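Several structures are given next for inspection.
Heads up, the next two complexes both have subunit A, just with different partners, subunit B and then subunit C.
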Partner chain A sequence: MLDTRYRVEIPGGINLDAQVVGPIPRFFAFAIDLAFRGVIVFVLSMASIPFGAFGLGGGFFLIFLFAIEWLYPVLFEVFWRGQTPGKKALGISVINDDLTPVTLGTSLVRNLLRTVDFLPLFYLAGLITMLSNRRFQRLGDLAAGTLVISVGESNRPAPQRDLVPLAPSTPLLRTEQSSIIDFLQRSQQLSEPRQRELASILEGITHEKDDNGVLQLQRLGAWFLGLR
Partner chain B sequence: MKQHSFVQQHGPTWQRIEDSLAKPAQADNSKVLAEHYLLLCQHLAIAKERLYDAALVERLNNLVLALYRELYRYRSETRLNFYAFFKRDFPLAIYRHRYYVLLAFLVFVMPGLIAGAWTYFDEEAVYSILDAPEVRQVERMYDPDARKLGREREADTDIFMFGFYIKNNISVAFRCFAGGMLVGIGTLLVLFFNGLFIGSIAGHLTRLEYVDTFYPFVVGHGSFELTAIVFSGAAGLRLGFAIINPGQFSRLDSLRQAGRDVVPMLYGIVLMLVIAAFLEAFWSSSTSLSIEIKYAVGALLWVLVLLYSFSGRRYESR
Partner chain C sequence: MNLDKLQINACIRSGWQSVDLGFLMARAWFRPLYFAGLLAMLPLSAVLLLVFWKSPFWALAIIWWLKPFWERLPLFIASRKLFDEEAGAWSSFRSFPLKDILPWLLWRRFSVQRAFDNPVTVLEDLRGGQRRQRLRVLHGKYSDVALGNQFVCFCFELLVCFGIALMIDFFTPESLGLEVYDKFDDLTLLGEWMFTLSGFMAMSLTMPFHCMAGFALYLNRRIELEAWDIEISFRSLANRKRASESQAAGLLASLMLAVIVCLAVPGSADAAIDHDRDSAAGLIEEVLQSEDFGQERTLRKWRFKDWSEEVDEEAFPEWLIEFLEWWEENVDWSTDFSGTAFLLKIVLVILFLGLVTYLLIRYRGPLSRLGSGRPREKAPAVLFGLDVTPQSLPPDVPAQVMRLWDEGGYREALSLLYRASLSRLIDKYEIAFRASHTEAECAALVKARGIESLSDYFWQLTAVWRQLAYGHRVPAGEIIQDLCQGWTTELSDESK
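== the complex of A and B ==
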């Protein structure tokens, strides 16, 4: 099964979940960074020409070029919470595989090994590696022990406020209650026929059919949530 | 307690913590941070245990994750201690990788010696390793009649060359390291061909009796540059060998461990190559210094670099 959940037990005695991020958002983040780097290089090259293309200006330009090629991702990841500008735009972040923040050492290793991920062309090796393990790690991530996770806001619809909560006629297990709560929370994401289909399974509890069944189920959900 | 009351009771606290996390500039009091972390861990555990709905659990989970990352941002082990690094960490990392250093040294130097001897005794040999235009360029660079060594240049072009050496040499070292991921083959190729080219150029120029221009030029920065290339090769070979022979670990864990172990080597390589680029641009290229001074300083640098590089043994715990 394709599950992007990555679970680590942390001090505090609980299992912390993170969502690992696949190649598509990472490609877009990389593309944004590439454009951003391109702009920086262009501005620097323009700015360095007055100081001598083969003198002072050129020398500093080459040093900056080196820094932008190799150190740009490292510095951003270490000093900007694991995010380059592109990653920030996509709401993703680099993190050590124990979910602690990425450090200078791990970030350096994962970014120097980009060279190998790029091989033979356009990150093909990195893509194949990413798709062949559960955590979407490219070669650099495997050697450094890092992951790319989602840190974006999750948008779940809030329950409708105008529901009149309904007490169940028969006692239900807590797992059953939470399923009904989930039905309420997600019902806006489901098509109406699908809602009716799901509600019809629980006809024995709601004693209603079709749209009324859906409504009864949502009212039960509101009751289990504790709305009064 | 029903979920709704739980959210009503603690919602404002969560909101406050979420807001404070969104402002990174605000230096969080570590005590407050730890309290928030413990509180939210408890809330998350309660929410999971009572099977509150997935959206709430996800919100609390993300909050704990953010607090956890914030809490572990300032670990003493991740702060780079320059003194400890120079004195202990870098030499110790070299010592621990001594067999990889030896192998990298041999793969780098042996082709160099053989190619050097070949081009020294055989006039045509250099052309089977390098292109004719490249050979002509190298010959021009070290022609004893040249006013300035290395390249003809003005005073502030030294800075240009500094930038040039930084970009080129460190990139070569990084690629040499990265090649280790290809089960070491990439690293071996980079070492082999760099050794081959350097050796054949040295042999060829010696044959042309450009001795007084070539060797005083390379002896100074060579101490840092050639040693750093060998170390980058050693770091790459460590990665490669970790994949080939993981020992008691899984291949993945072995690779990950190797990735952590070579980090001090990487820092050291960068520093050495920056020093090498500085020497190459501002010291080696000078024509106003006498050959004797250059040889003397070069020899001193070699002794210091080697003594330092192999001083790590005493820090190994036994």
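== the complex of A and C ==
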């Protein structure tokens, strides 16, 4: 089963799920960061001119340039929940591969190895390593044991308030309950014939046909959502 | 379309997540998709390259323009792979029709979401108005992601192209004398061929990823619109219900059978259950014996820390060596002892100063209290609710105690004796009781003082007092007399 899901089982049998993020969103995140860094460097260079381009100002500018080039991603990732501004814009975040927050050590390793990922030109090595494993880890990620995951949350529409919740007549598994909830929450997006078709699969449970079956499922969904 | 065999996890994803899923699909099926694309490209490209062999960039441009055509075969194969159907590249190549290809190679070549729109033509076979309507439904909020896919994959293609060209350039031995650039820094024919071939390779390598990203976006939209995930889940639920119903029917039948059997031979059924229980207990025991359920180990020995690593090989300091060398040069050991004496004197002075410093540091607490006005912690005025200040005591404690005792005030009498003792201990022996101490702790402090008779006396007094105070047991009068006498010898002003 192909999936972008990355699952970690923690003691106690609890599964933590995350969605790994591939090259395309990371390309845009990097581009945004590059632009952001460009602005910072431009402002700094302007600010350093009054202090002498080849003297004190120039020296400090070079030091700042070095710091920004090497520490910009590290500082943001460590102190801003694994996100640089570009990653924030794309809703993605860096995290350790056991799904704990990224630390100074891991962030440093993954960003120092950027130079290797950059080879031979414009992150070609990074792209190839990213595509060589199913967690989309570039070389720096592999070395540091980090992942880039998606942190955007999905917003589901609230169910209609006028539904009368209905208790199920037979016990249902949790996955089954959540798919009935899904049916309720997504019925806006589904065409009516499709809704009837889906409801007809569960005729053995609702004991209703067509629109009544759809309504019955929606009422079950409302019950599972806790609207009692 | 058999959703049971769907090879991707059907669930609602965001646009970017589905593009990532597309990359995973391309990864998983890379070989068939890549070779399908190559198979589609090779014949015509070979002809084109032969025709334009003097200016291969033209051939490359045409190959690039024909991309919508090449992309159909990988997409078709992926659509079969998606439902776990085998599609041989050659058979699909033959059965694959040229649906609606002209618009795709003319004005639709400029489409910026080709990979997303392709499945509608290739797999759904819609044209004209129908296609437009379908695309309007599908595009929704995902057109920007489709555009992003197109743009990024174009960048990746350029990257791979120049990467390959650079690698070829790097790894070609100079001794071969192959010139990629001429003296005007223009590409030679060889250089053009190098870039053409790397461009061709880049195109074929990135095509599966680009196609699959668009295909996954299309799939995601269909999962969203048609609720594939819900259908899959509903079907498995219906199957489970059906299975459990038939199982229940079977269970009912077997239960009835069991009832009949039980009625016939009641003993045997019970025995069977008991047997089950016994063997289960044995089994549980056996399972628990296995190593997986932990082992017990008791370690009862002290061991030294491993100091050996910390010992420095070169503990002999440099300055000492230098000093000794200087010593040897300047002092004659055999005749002149004054030098040796001088050395010993220095060593002794250093040792003495070190000792003094050590003592000062070791006892800095008591020493610092020497000078100050408060030699120790202030003695508490009240212990266990008893006033222990000397001012609260009558002048002749034993007489007062005996008087109270004779009057029947046992509790008052003994408490007076006890607190008088505490007060004297604080005053005379300077025992550092604290308000938080219990009676037994106070007695222990007295014992720690090391005066045996005093400690024995106080232990006895404490025991009697605790019996009375907490146990409400009144001691005999002789004991009180003894205690009063003891107080006089041990704690009164006249005592030693």
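Methods note: the second predicted complex is superposed on the first by the 190 of 228 C-alpha atoms of A that agree within 3 Å, B and C clash if a C-alpha of one lies under 4 Å from a C-alpha of the other, contacts with A are read in each partner's own complex, and residues count from 1 in each chain.
Throughout what follows, contacts are C-beta pairs under 8 Å (C-beta built on N, C-alpha and C of every residue); 3 or more make two chains touch, one makes a residue touch a chain.
What you see is a predicted model; the values in this text were computed from it and never measured.
Chemist: Tell me the contact category for A:144 with respect to subunit B and subunit C: first, second, both or neither.
Modeler: first
Chemist: Check whether A:122 is in contact with subunit B, with subunit C, with both or with neither, and answer first, second, both or neither.
Modeler: second
Chemist: Which partner does A:182 contact after superposing on A: first (subunit B), second (subunit C), both, neither?
Modeler: Both subunit B and subunit C are touched by A:182.
Chemist: Of subunit B and subunit C, which one touches more of subunit A's residues?
Modeler: Comparing touch counts on subunit A for subunit B and subunit C gives B.
Chemist: State whether A:36 touches subunit B only (first), subunit C only (second), both chains, or neither.
Modeler: A:36: touches no partner chain.
Chemist: Would you sort A:100 into first (subunit B), second (subunit C), both or neither based on which partner it touches?
Modeler: first
Chemist: Look at A:3 in the shared chain and tell me whether it touches subunit B only, subunit C only, both, or neither; answer first, second, both or neither.
Modeler: Touch status of A:3: second partner only.
Chemist: Taking the superposition on A as described, I'd like to know which of subunit B and subunit C A:194 touches: first, second, both or neither.
Modeler: second
Chemist: Of all the subunit A residues, which ones make contact with subunit B and with subunit C?
Modeler: 154, 175, 182
Chemist: In their shared complex, at which residues does subunit C touch subunit A?
Modeler: 7-9, 12-14, 16-17, 19-21, 23-25, 27-28, 148-149, 152-153, 155-156, 159-160, 162-163, 166-167, 170, 209, 213, 224-227, 229-231, 233-238, 240-242
Chemist: Across the complex, what residues on subunit A touch subunit B?
Modeler: 10, 12-14, 16-18, 52, 54-56, 58-63, 65-66, 69-70, 81-82, 95, 99-101, 103-106, 108-109, 112-116, 119, 139, 142-145, 151, 154, 156, 174-175, 177-178, 181-182, 185, 224-228
Chemist: How about subunit A: which of its residues touch subunit C in the complex?
Modeler: These residues of subunit A touch subunit C: 1-5, 19-25, 27-28, 90-91, 120-124, 127, 131, 134, 136, 150, 152, 154, 170, 172-173, 175-176, 179, 182-183, 186, 189-191, 194, 198, 201-202, 204-205.
Chemist: Which residues of subunit B touch subunit A in the complex?
Modeler: 1-6, 24, 37-38, 41, 44-45, 48, 50-55, 58-59, 61-62, 64-66, 68-69, 72-73, 75, 78, 80, 154, 156-164, 166-167, 170-171, 174-175, 177-179, 181-182, 186, 239, 252, 255-256, 258-260, 262-263, 266-267
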